[in-house]
Structures are given as structure tokens and as C-alpha cells.
Amino acid sequence: MKATVFYGARDVRVERVPDPELKSPTDAIVRITRAAICGSDLHAYHGNMPVEPGFVLGHEGVGVVEEVGRGIAGLKKGQRVVVSGLVACGECFYCRRGQPSQCAKAGSAVFGYGKNAAGKLGELGGEQSEAIAVPLADYTCYPLPDGVDDDAAVFLADILPTAFFGALNGEIHPGDTVAIFGCGPVGLCAVLAAHLFGPAEVFAADSVGYRRDLARDLGATAVDLGEAKQKILDRTDGRGADITIEAVGNEGALAAAFENVRGGGTVSMVGVLGKPSYDFPMGLAFQRDLTFRVGLANITAHIPRLATLIEHRRIDPRPIISHTIGLDETPRGYKIFDAHAEGAVKILIKP
Amino acid sequence: MKATVFYGARDVRVERVPDPELKSPTDAIVRITRAAICGSDLHAYHGNMPVEPGFVLGHEGVGVVEEVGRGIAGLKKGQRVVVSGLVACGECFYCRRGQPSQCAKAGSAVFGYGKNAAGKLGELGGEQSEAIAVPLADYTCYPLPDGVDDDAAVFLADILPTAFFGALNGEIHPGDTVAIFGCGPVGLCAVLAAHLFGPAEVFAADSVGYRRDLARDLGATAVDLGEAKQKILDRTDGRGADITIEAVGNEGALAAAFENVRGGGTVSMVGVLGKPSYDFPMGLAFQRDLTFRVGLANITAHIPRLATLIEHRRIDPRPIISHTIGLDETPRGYKIFDAHAEGAVKILIKP
Amino acid sequence: MKATVFYGARDVRVERVPDPELKSPTDAIVRITRAAICGSDLHAYHGNMPVEPGFVLGHEGVGVVEEVGRGIAGLKKGQRVVVSGLVACGECFYCRRGQPSQCAKAGSAVFGYGKNAAGKLGELGGEQSEAIAVPLADYTCYPLPDGVDDDAAVFLADILPTAFFGALNGEIHPGDTVAIFGCGPVGLCAVLAAHLFGPAEVFAADSVGYRRDLARDLGATAVDLGEAKQKILDRTDGRGADITIEAVGNEGALAAAFENVRGGGTVSMVGVLGKPSYDFPMGLAFQRDLTFRVGLANITAHIPRLATLIEHRRIDPRPIISHTIGLDETPRGYKIFDAHAEGAVKILIKP
Amino acid sequence: MKATVFYGARDVRVERVPDPELKSPTDAIVRITRAAICGSDLHAYHGNMPVEPGFVLGHEGVGVVEEVGRGIAGLKKGQRVVVSGLVACGECFYCRRGQPSQCAKAGSAVFGYGKNAAGKLGELGGEQSEAIAVPLADYTCYPLPDGVDDDAAVFLADILPTAFFGALNGEIHPGDTVAIFGCGPVGLCAVLAAHLFGPAEVFAADSVGYRRDLARDLGATAVDLGEAKQKILDRTDGRGADITIEAVGNEGALAAAFENVRGGGTVSMVGVLGKPSYDFPMGLAFQRDLTFRVGLANITAHIPRLATLIEHRRIDPRPIISHTIGLDETPRGYKIFDAHAEGAVKILIKP
């Protein structure tokens, strides 16, 4: 089959690779009908993650079940599913607590980031390809309702649950003010997710104009980074936002998240910093009684409710799509997404 | 001043009564600019509550502070405020827990229902009048932001916080299905309030067509009472609603709320039954593991966040207003509201 | 094998019945090493439940896995397990929410109450016997840690998780006052469970002296039913208990639970009333803003944490055991338990 | 009056200073009957905080109301009270949310740390003295029940509520494993507080033997710092503690707290680091999905429930007292507390 293969920094190619195969009774093979490029794929694309040359990229995919292992109970051939970017068993200590990112069986295993990202599973492929072998498929695949088309469903594989996880971690209450730093795809999904908790106002800050425009279309008060602080103070009696969400994965956005949260509030981080440590503002956090939350999102736990919300048209992530390209065009997709060129936001791939 | 005086069942008159006076250092006098007729006023109107002839009715009011006692710290003459229908101190064991309906100082004291409804306060007037003396006014009055006009603000005195309390008691999570039984003013406010918690679908059931139309305009899936059960089952994989809200105060609606909730769900009652006991479906509740919540709403605790939500245009209760009448017309207002005549829903009074 | 067979009101006999067999790949056969008689078995014993003559009684059991179906993943022959009195799949919409009592696959299925109690499973046996066939055994059986002996473990099959469920439903906070009505086995377990939430005081009311003594030994302030109200008011500034728990299943105890809860508090019912309806004090509940919770407990969801607490000696239910009898003596066990004779509290059976 | 005056690093003296005076109608004068030396006083003692020479130290005090301003509603002369180390109004946006450490009126104001620590109040004294002027005294002073003697009550001024706040921030559930790093007075109070949430096991780690002994006496599994990790893994199926609490305020203890928490767990910090920033383990926190909470504790909000728990003998902090000295001996008290000499743990002062 064809797949998007990593060769080195800024060098990805579409090539023929061996077809995926069932290796365990709880695997399923899914033929991909829609994949996507994620902001965190750029860490690999930039050569900042230990991905092996020759590895297939991608952890967002929707498709049709082609084959199932004999231990599979809930999936059938021909069924349309979203494949969670995170693999988990659904039954261990962690999964039962709604924390599949810590799954005792899979161990923080994600598709498409190289062999080191396979957790306890030994091996995982990538989804920017024609097909994928999905381990622990009964829980990792989620059958899609008719009302959720492939374009919307591909958001369920990672960035919409990740953004929801970030909003949930913020413990937003009705009437609260939320400020999101970063209006890339995951930040825009956070705008959608934050609105599920009844906030009075959702600020969305970014330095890129067309992304601010999109945030505004999705219901946020869009602000340039430089003006965020004053505008937030003006609208919150000088207190700051009840909850701030970092949605980029860089230190400037995280500093802004700490600077703009009110005393007693929460800073929730969904961006991936990609560095082992961070100069945490401990004095400020102590004086202001802050909660800080960060983590590989519990994606699989949140897919069902988000699928229902899309089905009932309470959430529609499709306006975030800027391009839909063929699998052969993936290298160009990486290039324009990385450069914020051609108005790139979420780029889908139709194999 | 002029006021709406109760004389007996279905006999209310607008007459001159003595002006209200400060009786305690923590009182304030508020000149009413907007009042309203509430569904629960009908219990008095029907003669089913122990209201003394000669008593002034009404517990929903917005106005301007005219005079304050010397113990008042936060209110000033000329300030525009909403007067909570429920009087509370804001400082006792209960108020600090967010349960002002049980205030240790005021004791479940509400305006406009006769002497027995004054809790521990001895005496309280009614707000369908030109002015009112407000005890414990620092907490019972809430200063209004400019962005909340009188028409919207009068909903803050009771029915919007009451509906919010009902939704909050339901512990709605994003993606849940909510079913509201009754599309009178408080049921319609519950439609608004339920949406603050990110439900996938809000059903609103009523037998009156024009009220169903309003519910639909506010975002609900409006259904006739007879068809509610089947439609809810169809949309919830046969489970029933995660949360049902009784918003009328009659046994039929409450029976429907129990019948349509899923196992492990919550029945939240905001209607006032007006009877001392109810034939509770214990076998069903046991088998289905149900939570039932009912109570005089903690109105005052929820006014601030709801005022903020109106100010930011996240909630707009004004479409629920069907009539705005002068104080002299209050008797007619009661009549059409009681009869569901002339498309009556929420009737405001402009003294 | 031998088993305790129901013949009619107050007529149970120990007889030979066919050995249990695997009927589905997800079944397991467990050889019972410890069973018990439960307060709710008395509803059957009194002839007040539709149990068919010839049916084997009992829903509390600990034992050793003797045989497993080929679909079983987590159990092995020879493993010591507690069998949850409630059968559930662990994977459906309800089980994932921690509500196995509503399991989509099993449907409120309990052992030992006749064919009608088998939920969607068609058939279930009873555990006051030498062996039992357990459906959905991967979730319904819980492997026991070494530190939990059979005597303690049999409490995990029903009454300790049921009591914990009742305490959890009460949402007890540190410093709260809890009042438990009924000091039978489940009420005594509620004394243990309530203490896990850091209450300032746990009242336990019963009219039977030796049961009050046991409650006192377990840390409660034991009171006679007649003096409960005054003593609770005296110790709560005249407010009443924050949470009351009904632990008998009769209307007097439930009335006391409503009478003794403070405004804004919760009445949690773990007793089984055994009647389809109840004359609910709606006026009181409205005026006092009450939450009422009742349900077939989500036993299986709470077994792991309670087993851990027993293992670490934070909870020890064994003082509640008054008798340990052989399987042949079960008829006598029912008799003395029913009569509160011979100091009967929890009666264990050692087949 | 006499008071403990700061002169410079390791130089505190007991001297005569002017008597405190009422400066605002909401002040009260409290004559101190019991004060204490706190671990965070050592930051001042070491010269690491900007305390002005001549300033009176101390933020923990119990005493008798001597005089009240005319705006005081709830306190009377002669009443025995604990004075919260943190001053707050009890009525603002933050106080109503249970976050008095962010009080809009007082602004993170604490006694005894110099002029910079007075928040928005301009000036505050210290409590290691014969008397203190307490601003916003209706909320900042808490009247003591008879069952709470001065020795126990002085723990309510700071370290017991601070430790409770740390345990609360951990969101401990029944059956969880908690690990506390540091067995100084606040760490030992954390042992008491953590037990209020029903944990299966509370580890307490310290390198000082006599402090580990005390932790063991209070119910913890005491471990040396070096052996903590292995012992915790052994008892948690290799996962780590569900919640870790840093209770010293140094980087080693905080590193241990991060190293020993399980995936999806919470690190709650109650020690005061005394440095503006910290090298936060972001990679670990991301991979393991962690929550980190730190803050000036919401002391005043938690005093009532903790006083009740002491009154009912559910918590007794008095075993943590190692010395009770006269006011003249305060300099020696600082010296032995700082040196961990003479078995010093909590040192009380009896003026």
C-alpha cells in the first residue's frame, strides 16, 4: 500500500510499504478513508522527535474495518470507525478511571511517532497511509454514527478530544471567562470545546490574522497576543481569566497562560512543549493559588460523547478544515502547514 | 403607593397601600421599574396558598435603590438592582455553602406569598407594586451591569436562577440528553439553562402548541407530551434521557420525568407541586438507581453568573416575554396567564 | 451439589441440586468457600418476592475458580475470588460510567432471587450452595488479594459495596454529620463506609440494643430511635444531619431519615423497601431543598477499592459477623436472623 | 506590650512595642493566649524574605477578644477565637468561592511577614506577641467551641488548614495511596488531613528519625527518603502513589513528589519554595498526565470544618507539639526549631 514515510527533517515521501497484518487476536485492519496532518506531527517533521527513517507518520484516521482478529467482540467487517490516535485496552485500572493515556496494557502508545511511541505494544504504524493495523481494536476503534461524516470524524482521532480534555481539565463553570492561547487546529477545537461548559466569554489569542478570524467565526473573542492581557482584564473586573488554555506548545504561549489567569484559577496545557523541562513561575503560582494541568490527552475516553455532540450538530469542527489533499500530496501538505502558507489550518488527506 | 393586592381566589386588585419603610439598618427601599407574574403566583391566585387578604403579591422585581439603612455597605442610592425573590444574609452556614434558600437568618423567606412565607423575618411585602422594602439588602439586591436591561433582569429575580438550579441539580455533562417537562416560563428558562452544560439534545415537552414553538426557537427539540417517550427512546439508543427536569409542578409532568429518565439518571424538579406529599415510584427508582432533587432554589447564589451570561449575550430570556403591561393591568395579566390565553407566557409589569 | 432451596414463605431446605455448568464462553464456575445470608434475602424468605419454589437462594459468595469458559481473559482455575451479587459486563455505556447496576448486557441481574431477577441473562443461580455458574465472569468475579480472608471478602459481594454506595451518594465532606437509620448488617457496614469520608460524627440509630452496641464499637454515636432527633439537633446547632442514610428498608426508618436531615442535605437510601411506591414528603423536601437517592447499588464498581481498604486494614467488617454455620444449617440461620434471635447480625455459611 | 521582633538573619528579640489599636470599624483587638513558630517563619528568620527590622513576627495565634470596632457584627468582647494567619473579608468574589487567599479586599494578606505581606491592607502586625489588631475580624477570627483547647486551636491558624488544603487539592478518594514528602509540622498535619479522605495507605517520608516516628504514630507508613520509591511501588502494583504532597518547600522533596506519583495523578504542594521559579519536569508531566497544584492556602475557608473535627476528636494535632515556651523564650524556640534540635517539631508560645 501507499503511505507517508519519514526520511529526515523536512523530508517526508509517499511510497509503497508492506500492507498491515493482523498480529494479535485483538487487532483489526482498517482501510483509511480520511487522515490528517496534526500540529504535533510537525515536531517529527522538524526532526525533533526520535522517529526512525522509514517509519510511516500520522495518528489521525477514519476508515472502514477490513479484517478483525478472532478476539474482537464489537467490530465487524465493513463498519465505519474512527481510530483513536492513542491505543488503549479499555479495561485496566487506568482505562476504567477514564485515563487511557496511562493504559496498563498499552502504556501511552500512539500511532505514527516511531518505535519509541508504541508504549508497551512493541510496534505501531502510521495513519497517513491506505490502511493501518489497530491493536486492542475493540476499544481503540469507535464505530461512527451516520450523522458524523468522515471530515468531521477525523477530528475525533485526536485534536477534538485533546481540546476537550484541556477544557475539562480547566473545570469551566457557567459564566466563567476562558482564554485560549494559540488558534491553530487544536486551539480552534478548544474554542468549540470550551463553549460546551457555558462560559460567558472565550478569548482566543493568536498573532496570525486568518486564524483569529476563524476563532471569531467559532464564537470566540479573538485578540492579538499583544492586546490579550488588557482586554481580558477589562472584561473581568481586573481579575484575569478563570481558566487559561495553552494550545500551541511553546513557552511564550505558556507564559501568557500563566500571566492571564486569575488567582485561584487553572492553567490547562494541551500543546506539546517537546522539551523535558520548563521554567515554572513558582512564586506567582504560590501567591495566586494556581492549578496546572498537562498531559497526553485521554482521547479514547472522550470520543463517544464528542461523536454524539457532532451527530446532534452541537459541535461542528469542519470549518477548521482548510485543505483536503490526496495521499500523494502529503509532502506539500506538511510544507504549507508548517509555513502557515495558503491559509493552512487543518489539512485532511483522502487516500 | 399602588400595589397588586390579593383579595381571594381569582380576585386581585390594584390599590393604594402604605409606602414601604426601612425597619432595620440592613434594609433598603427599591423603587420597582419592572416586575412580573410567576407561575407559582398562580397557586396563590387559585386560593391554594395561605395568603392573607390584603397582602401584596409578587416576588420578581427590578428597580432603583431609593434609600438604604445605615448598615448597608455595598448599595448606593440610585443604583439599578434586581431583587432576589428569596431573602438571605449571604454570611451564615448555609449561605456560605451556596444554599441561601436555607439561610439561618432569613429562613426560606420569599416576597409576596403572605406572612407565612417570611421565614424568620416576620414580615415581607410583594413586588407587583411601586416599591418594596428589602431586608438583608446587601446580599438580596444585586447591582446590574449596564448590559442587562430591565426586561432581561427581571428573569434574574426568580425563574432563570430557579431553572439554572434545576439544570445544575441534574449534573448535566457534555453530550448528555436532557428532557424538560413543561414549557411555561420556568420550563423555557430551563431550556436556556440546560444548554449551558453542553447537552447533545434538549427535549422540551408540552401540550400547548405555542409554547412548544417557543421551546423550539430556544434550541430545544419540542415534543407533545404524548409522543415524548418514543422520541426520547429513539434518540438515546433506547435508554431514556440522562436527566429529566420537571418544570410545571404537577403530578403528570413528574410522572413523565420519572418515566423518561435512564437508569442511573437524575430527576430534577423545579416546579412547585403545592401538595405535602407525592406517591413516589420507589420500585422504579430502586431498580433504576435514580437521584431525585427538589427544592426552593438557591436563587441568590446564582444571580451573579447568570447576570454575566446575559451581559455577554450567552443567554437571552427576553423571547419568553409575551406581554408587558402597566401595574393597573395586573388583574388582567393574571387572568390571561392563568388561562393560557392570548399566547401568554411571561408577563412583565411596568409600574 | 448441595444448595439452599426456597420452598415457600419461611420454608427453605438444603437439598441436592444439579451441578452448575458453563453455558457461555464468558462464564466461570466458582466453588463456594463462604456465603452469607443477607437482610434482603428475608424479603424472599417472607414470601414477598416472586421467587419460584425450587430456586436456590443467596447472592453473596466467595470461592475458588473451578472452570472458565474459553472467552475468559483474566481469571484462572484455582484463583480465589469474590463473586459480585450483581452481574455486569464491565464494558457497556453504563458499566463504563461506573453504573453496572444498569448494565446494558446483564440488565440489573442478581443471583438468588428467582428467574425474574436475572435481568437480560435468562437464568442465574443462588450462592448459598456449593458452587455457582457466574456469567460475564471477567468483571463479575474479582480476584482477592492475600490480605483479604474469606470472612472479610464475603462482605464485598454485596453489603459493604452497597453501604459504600449509600455513603458515596450522600456526598459526605470532612466535618459533616451523618445519621444512619438501622444497625443491621448493611447499616453497620454504612458506619464503616461513612467514616471513609472524614465525618465529624456518625449517628447510628436502632431499637435493638446489641446492634447499637456493635455500632458504637465501630465508631458511631449509637442512639435509640426515639432519642435520635434531639441528640442530632443538639450536636448540629439545631440544623440536623448533613446526610442521612436509610439502611433498613422500612417506612419508619425512611421517615426518620427525612425528618433528621438538614436543609440542603441528602437522604440516601440503601435499604430495599420492597413496595412499588412511597408517600414522599414533597412539601418538606421542597422547603428544605433535599436530594433523595435510592438504587440497586453499583456493587461491582466499588469492589476493587474496598478490597484494597480491607487489605490495608482501614476497614474491617468481620466484627459484624455473629455466626458462621455449615450449609446444612442454613434453615436455622434464616430463622434466627429473621427473629433477631441469639444476637444474630451477619450470618456466614461455610459450605 | 511584649513581642517577638525581627532584627536580621537569625536575630529575633523579645521587646516592648506599642499596643495594637483599632484602626477601622471592622477591626478587633485579640489578646494572644497561644502562638506558635511556623516552618515558614524560618524563611524570614534566615533573612530570605523582605521583612523590615523592627517588625513583629508570627502568623499563628489563639486568644480572647478584647475590643471590637463598631462595624463588627459577630464577635464579642471576651470571646475565645483563633485568628486566621490569612486576612480576608468573607464576602468578595473570591471569598464566596472559598478562595480567601485571593480576597479582593485584603489581597493575600498575612500577619507577621513584614509590610509587603499586608496585601491591600497597608499594615499588619505579628502574633508572636501579647496582642494583635485583626482587620476584617468578623471573618478572620473564628470563635472556638469549648471542646477545642488553645493548644489544638493554634493549629487552626495556619498549618492544619494548609495541610487540609493540600490534601483537598489532591482529590483523594477512598482506597487511594497518598505519599507525603516531609514530616515537619505541616507534613504531619498533612498525615492527619489525608486520613480524612479514606486512603488505603499514607506514606510519609523524611530523613529525620524522630519525625518519622511521629508520622508513624499518626497512622502513616513512615519511610526514609531513600527507600520511599521502592516501597511505594511495591504497595501500588508498580504504579506509584495516586497523590503526592510536598510538605517541606524544597526542590528535593518536590522532585520526589513528581517521581513517586502515578500516571494521571496529582502533585499537591503545600511547602513554600521561596524561589520565584522551578525547573518543572514537563516531559514527565505530559507523558504521565499530571495535575500540579500549589498555593497560599485558603485557610479561613477551612477553619470551621477542622474546628468541628477537633471538637469531635476526629483529628488531634496536639501530639505534634514538642515544646511550649514563654514569650521571652521565643529566640531560643527559633534556634532549636531551625536546628531540628532537642526533638523540636511544633513549638507553641504561651505569652
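In this document, chain identifiers A, B, C and D correspond to the written order of the chains, with residue numbering beginning at 1 in each.
Assume a contact is a pair of C-beta atoms (placed from the backbone, for glycine too) under 8 Å apart; a residue touches a chain by one contact, two chains touch by 3 or more.
These figures come from a predicted structure and were not determined experimentally.
S.K.: Given that chain C is a copy of chain D, what angle of rotation, in degrees and a multiple of 5, matches their CA positions?
M.R.: Resulting rotation angle: about 180 degrees.
S.K.: Does B-C or B-D have more contacting C-beta pairs?
M.R.: Of the two interfaces, B-C and B-D, more C-beta pairs touch across B-C.
S.K.: Just how far, in Å, is the C-alpha centre of chain C from the one of chain B?
M.R.: That pair's centroid distance is 40 Å.
S.K.: How many angstrom lie between the CA centroids of chain B and chain D, rounded to a whole number?
M.R.: 43
S.K.: Chain B: which residues touch two or more other chains?
M.R.: Expected reply: no residues.
S.K.: For chain C, which residues are in contact with chain D within the complex?
M.R.: 164, 173-175, 195-201, 304-306, 308-309, 311-312, 314
S.K.: Along chain A, where are the residues that touch chain D in the complex?
M.R.: Those in contact with chain D are residues 93-94, 97, 99, 101-102, 108, 169, 237, 239, 262-264, 272-273, 275-298.
S.K.: Provide the residue numbers of chain C that touch chain A in the complex, in ascending order.
M.R.: Against chain A, chain C makes touches at 90-91, 96.
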